[in-house]
Amino acid sequence: MPVRVQEADFDLSTEINAFRAGRPEIGAIAVFVGLVRDVNVGSAVSGLTLEHYPAMTQKALEGIVAQATQRWEIIDALVIHRVGHLQPMDQIVLVAVASAHRGDAFHACEFIMDYLKTQAPFWKQEQTPDGARWVEAKASDDSAAARWIKK
Amino acid sequence: MPVRVQEADFDLSTEINAFRAGRPEIGAIAVFVGLVRDVNVGSAVSGLTLEHYPAMTQKALEGIVAQATQRWEIIDALVIHRVGHLQPMDQIVLVAVASAHRGDAFHACEFIMDYLKTQAPFWKQEQTPDGARWVEAKASDDSAAARWIKK
Amino acid sequence: MSVTILYFARLRETLGMTQEKIELPAHAASVAGLLDHLRARGEEWHAALAPTQSYRVAVNQDMADITTPVCDGDEVAIFPPVTGG
Amino acid sequence: MSVTILYFARLRETLGMTQEKIELPAHAASVAGLLDHLRARGEEWHAALAPTQSYRVAVNQDMADITTPVCDGDEVAIFPPVTGG
């Protein structure tokens, strides 16, 4: 269940090929890639700085992946999250979930992203024409995460 | 909305990089990769032959992508499906959906896969120790596709 | 009228037929009529295309059902439920 | 007892503080007690850490709530709602 927090970019093929190497039992991989957009909440965005809480980040992501592993039949999961300075079109995050069948892979991947968005200690600061501004948390992220709470 | 049916393998990074090139409005890409497993319904599988109905395949996949485009806010979608002889661990299918936000990308990607599984004219024949056998359609694929029918 | 019929996968093997061009009587100008016409060919066709069997029909490369009309020059395909992806 | 406090993102900027080590009285040995202790520092702290403000607290790198106990040697982090991904 590899979880990595890094400044460096990642290559999708390299990561996914290493992730699935030697595992012919994998039938499905659901992947999510988050990218820096050049616009947000109506303002042009020329760059992004990602701050995090190093001692907690790894632990929080591992906890989220462990929850996904308990809830779905998955073979493995991979999370890479970048920190530091990013430009529009840069990759921010990669989540990949491997499973025998697609339903589990899709749902676990979406779950990990929803929880990452509300539980993992990262904060984005955007550079806009009016200066730097901290990105506000979205209520829609809270409701996306709340969907997964078992009744 | 590129849709390709081909014998050749594909490279994930090459495809996704071309797909998102020059589009800084993309914030989220949901990707699905389907792979040949070395076991199915309790038998070892040494290879797979994918037959299709060439005149219909492209049209069916484009129709499925068009439906996804109408139902979700997506920027673009990419479908690549292989035909011919494949080995365990080979890539079979790639579906990628780009959107501003992750919810639309995830849902459209899962929708395309569910419809592809029940509507696109591909048939798998597996090589097993007991000889070649046609893969049986799964009732779970019909119910996965039926989830998306609007009440 | 003249109709092209294509067979795929297990049905292609069972019926020993990949493609054929047939003359379909005007009274059989629907998927249901075409299937009845084919079932009349004998036991093997009757069994393979029985309504209780699981198969699909496309007319001019679109999924069809038994009420779909079949016209002169149409391409009809008969195949098992699909298993791609 | 001695507690390390970390501040992140907007709260780090607002309070002008990245990290500090404080002596917390035994009667304040919970997240609620620690927050009251910090709010007593003055108007700026009172405003930034008001219960109506949106912020989160972690104790020893786990998400916490106001009832979570705080013990000697703990690391407490105070930060805005997260915005990664």
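The letters A, B, C and D name the chains in turn, as written, and every chain counts its residues from 1.
In the analysis below, a contact is a pair of C-beta atoms (placed from the backbone, for glycine too) under 8 Å apart; a residue touches a chain by one contact, two chains touch by 3 or more.
Model, not experiment: these values are computed from the prediction.
Participant: Taking touch as defined above, what minimum step count separates chain A and chain D?
Facilitator: Minimum number of steps from chain A to chain D: 1.
Participant: Please compute the C-alpha centroid of chain C, do the same for chain D, then give the distance between them in whole Å.
Facilitator: 72
Participant: Which whole number of Å gives the spacing of the CA centres of chain A and chain B?
Facilitator: Centre separation, chain A to chain B: 23 Å.
Participant: Approximately how many whole Å separate the CA-defined centres of chain A and chain C?
Facilitator: Here chain A and chain C have centroids separated by 48 Å.
Participant: Counting in whole Å, what is the centre-to-centre distance of chain B and chain C, each centre being its mean C-alpha position?
Facilitator: Once rounded, the distance between the two centres reads 26 Å.
Participant: Show the residues in chain C shared as contacts by 2 or more other chains, in ascending order.
Facilitator: 85, in rising order.
Participant: Would you mind listing the residues of chain B that make contact with two or more other chains?
Facilitator: 34, 102, 113 - these are the residues of chain B that touch more than one other chain.
Participant: Mind listing each pair of touching chains for me?
Facilitator: Per the contact definition above, the touching pairs are A-B, A-D, B-C.
Participant: Report the residues of chain B in contact with chain C in the complex, numbered from low to high.
Facilitator: Those residues of chain B that touch chain C are 34, 50-53, 55-56, 59-60, 81, 92-93, 113, 116-125, 134-137.
Participant: Mind listing the chain B positions that touch chain A in their complex?
Facilitator: Residues in contact with chain A: 11-14, 16, 20, 23-39, 88-89, 100, 102-103, 105-106, 109-110, 113, 140, 144.
Participant: Can you list the residues on chain C that touch chain B in the complex?
Facilitator: Contacts found on chain C: 6, 8-10, 54, 58, 61-63, 75, 77, 79-85.
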